[in-house]
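The following pair of complexes shares a single chain, chain A, combined with chain B in the former and chain C in the latter.
Our next item is the complex of A and B:
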């Protein structure tokens, strides 16, 4: 039942909607206004989908080496053939250079290999537990050395496109794992720092300053190089995650501490205190909801740094070790100018790195603006 | 003010100790000790030493003592300028490093100055002409600069330099000066080679600094004193450059404290790609060969030099900005 006083402006439907919206809805509405951030969100989701279905998207076994198909340039898929729709790639034929007697493989336009969807290829476990061998696309009954090489091959004849798909999984997950660990450390130490203040705060703040004043790459390199050679790929993976997050937590700790300090003085927190709420209740029921969005934004902005760290370390050969495949490891192949001048397509692995980092930056910016829906 | 300086000095000192502990940990982290590595090294070259000799060596290097004693004696030797012997090169570490350390600093400092020189005018422009086409272009470029890791940028530049200009853009010296002793000609040659690596290093920092400068200046421009200045008939140029820009410069200068470690850090990896004769490639070689005395010395020197650089920038900042001088925290 509503009584409208004649002098009041009539309450319009959008205003009611705004007044009744939860904080999450407000945040979402505000976030939606950032078109670039929204596009980035879609892009990031796509990248994670690639990470999840990497093996399904891969056309060839990313680990299979074949000396006969070393350094094949990217192959285009020809969509039409003799007037009809018949996607195909050309087969390869060996040509011997009569001057150097070097055998090189070039596309052979006379042999057409049809590209089909949902073909059988190498075996893998979909989502980690469904054994299958169906891939999105490929060549039916591929003979030895035959396949679709969208982005060309590396020196050992491994398909760059398929390797990039699989590398996405490793690079993105290591970023996520590293940021989770950083988040834990940052929230814990930043929270303690902001909540208790005094000498604990001073100590933690000095520690943060200390970590920030040391050049990180030499430090990482030293720590990463100290990992024993005998460790398995998984052990190295977790060790690298640990190493990069040991430095990365400082920014998050600063954000959390800042929010704690700001909120401690807020009226609703003091009210809760006076009402006799326990400290745990004040933190988790009253304070956490109002700074969770800030923390999410800071986490999103911390992710690109993690990805760059892993890529840099692996690029130097101190990070993940083959047979693990990550963007850094792929770029390692493109390290010297001799290889690069002969096979420039190896630089393609730089594209996903740049795109993902850009997307995370825009997304984080959008989230940061949306984090304060009443602002 | 004196208290402030003392505090900064004290903090720098603690940071150096922290770095030394980390460095020592890095040296000691690989399994086995220096003598084990030495023996393995000898075995690889066909000779060997007896167990007694090995024990004697351990005693001579104090490896039979507790870790704290070892750290202390290592620190004492480091303070005397003795970083040990590089196993890979069979020469004292300081000799192996040579002037590579200074070149690292030269490259990092050049990048720092370039960052300032580029970021200052662009930051002012972007703030004064907010939402203009130029502002959008610079913001976009800034984001891209942030997103491309600098070693990737170096790779791409090197590829294009090679492919389309037919020149090798790597290195810090022309062929005739690589081994030459220092001379005016060599210094000039260095200056000619410096812009490219400095620019590669500076890009990400510049992008950040432009954003900071733009945000700060925007805040300042909205303040009443700017309106007053305009109302009093100051020219637009004067009304902006004389007061708001100066006030906005403060965080700009303080950003050196984190920018410098970042640049030193970046120079390591960029040096590897561009083949610069800095400590970067040496550090990687040392780490791969587990030549821990050399690696430790480099990490330690880089860390300490960064701390000193940051300290100097802090003191300069104090000299520039009275607000910090008076804060005296």
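Our next item is the complex of A and C:
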């Protein structure tokens, strides 16, 4: 019997690159084509850089209060002075209107406060372990009540810009911590559910339905109210993370279970089983790599939900409590109409929430589309 | 001693209904199938979709656990074991003797593994040292006529036919004694089908393979099989040596399947007896002969009495009440 050999077409260099591309490369090539997702990725990375270097970026101590500088409106930096480059802000003179008892500020053009890069300010630990006092920008030898207030100040005279930097760290990290916990619970319980099936599966699925049927706000209210008053800020932080991820894991568990059920029937998984591969090898070599990308995409899409949860909880006064600083806590200050009419700049804290959530959603969409380069 | 002897194999799926999940019926996917495969022989298992042929093959591979029956497998220099009742744990050391070629060359290769790793995975999980694996990989690539450079590439770089060659190389890696090929060419283009069939023929010659070749029509089977078993609604209706079956089918269903084989000569007018209607529902098979609602030769007896398999003079078996009297059309 004659056998015809399949003719191989001449192979070009890009074809070899494609032929030998791993899943990660294929995913990246496809993700790169999604411009909006790519821009979102850059934005998200920037946000996390802010979270890491929050204290370095802050210009004033975010916790320092000063009654003499409450409700200062956002201040612009003047870049040029007498023909030369000399960034500076004017000193402010607070005058109380004796009829309304409101402080109003007038810039004092005779007092120029030079704004410098890498100035010494309040002490902090860079990356959590390098004690320093260098800040990106600020005013050298700031006297009492002096400073750059890019986004203005709140009622207690705390610099909103600096507080937003520090709040970014808390809000973004609480989302990350919540998602990590959800991921762990979701993969574990979803995996057990999909792998073993039967009554275990039924039990876990009914539990998920039960958890999802409970209205979240009252549940969180109840749980948050149960937190002892005496707990420190850190303890409350971790408790809130736990409460948020209590609901968050259910989505991920469903994704993981679905993938397990689908993959169990895949020919290449059956092939491995018929080859005599162990259960462990089948799960870790064949099944997990096949849905890791889906899980990453699902996680990215779960993050904004976590951030929103923290923000709304703290906004309602159920989440973190001052002196902790988070986006929700900053927005709490903007709750009443009196403050809003007098100091609308406090609403600026809503901007990063919106931006980061949109960015995460676009990023998650892009990842989800690129996740399965073979589909 | 035959390599494989399947006796009265049954695989039923219970149908549950209601809150208490009571069993209200059974899908008899495979309902009493018996056949043998001798060493070096290729048996084709043919039937329409849903007749249970894939279920039979999955039972032999113990991807499914049969409801009842025996699957006696006798490896070379080994004792006969009944695969039907073997616990999964004891099945693992036997897996290396029975390997499978899949229908869909796209789904059967893990897209995240390089071709070399895919082919040598059976060797790796069975503890073959790395140096030996590399050597065997080169042998296998040559055997299925793939360039040696394929080993560092991923499956997405290959066409359907090439992927099927990779799948065949993987199935051969452990020197299996029996290969179960589940419609290995149905998903391929006709021109590529010929290449793969030729490759299988070549391998039969060179390696003396024993094979269970599952197919849904009779067109490709003629070239590869020594004997053909035709299945209908969970049962074998006719078994015969390939030539005898094609020349003189004894069961009306076989005749219908043969009539469906496309003729390469456009001028030749076939006496077409393509089966009318749909395949019977294996949950509610018709009484008597399961084929009687679609059979052009039905008599009253067919509607009430189920025919048993009976030996024919040409060395086959057929289950039809009128097998002796009918003159059925075959192909040249």
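The definition used in the following text is that the second predicted complex is superposed on the first by the 355 of 375 C-alpha atoms of A that agree within 3 Å, B and C clash if a C-alpha of one lies under 4 Å from a C-alpha of the other, contacts with A are read in each partner's own complex, and residues count from 1 in each chain.
Criterion: a residue touches a chain if its C-beta (ideal position, glycine included) is under 8 Å from a C-beta of that chain, and two chains touch if they have at least 3 such contacts.
Just so we're clear, the structure is a prediction, and the values are computed from it rather than from any experiment.
Touch criterion met: A:353 reaches chain B, while chain C stays clear of it. By the touch criterion defined above, A:221 reaches chain B but does not reach chain C. Of the two partner chains placed around the shared chain by superposition, neither chain B nor chain C is touched by A:110.
Touch criterion not met for A:232: it reaches neither chain B nor chain C. Of the two partner chains, chain C is the only one that A:278 touches; chain B does not reach it. Note: no residue of chain A belongs to the chain B contact set and to the chain C contact set alike, using the contact criterion stated above. Across the complex, chain B is touched by residues 206, 209-210, 212-219, 221-223, 225-226, 228, 304, 308, 311-312, 315-318, 331, 334-335, 337, 340-341, 344, 347, 350, 353-354, 357-358, 361-362 of chain A. Residue ranges of chain B in contact with chain A, taken from their complex: 11, 14-15, 18-19, 22-23, 26, 29-31, 143-144, 146-149, 151-152, 155-156, 158-159, 162-163, 168, 170, 257-258, 261-262, 264-266, 268-269, 272-273, 283-284, 287-288, 290, 295-296, 298-299, 302-303, 306-307, 310.
Those residues of chain A lying in contact with chain C across their complex are 1-6, 8, 15, 18-23, 26, 266-268, 270-278, 281, 285-286, 289-290, 373-374.
The touching residues of chain C, counted against chain A in their complex, run 61, 63, 92-93, 95-96, 98-100, 102-104, 107-113, 121-122, 125-126, 145, 147, 152-154, 156-157, 161-162, 165, 167, 170, 174, 194-195, 198-199, 201-202, 205.
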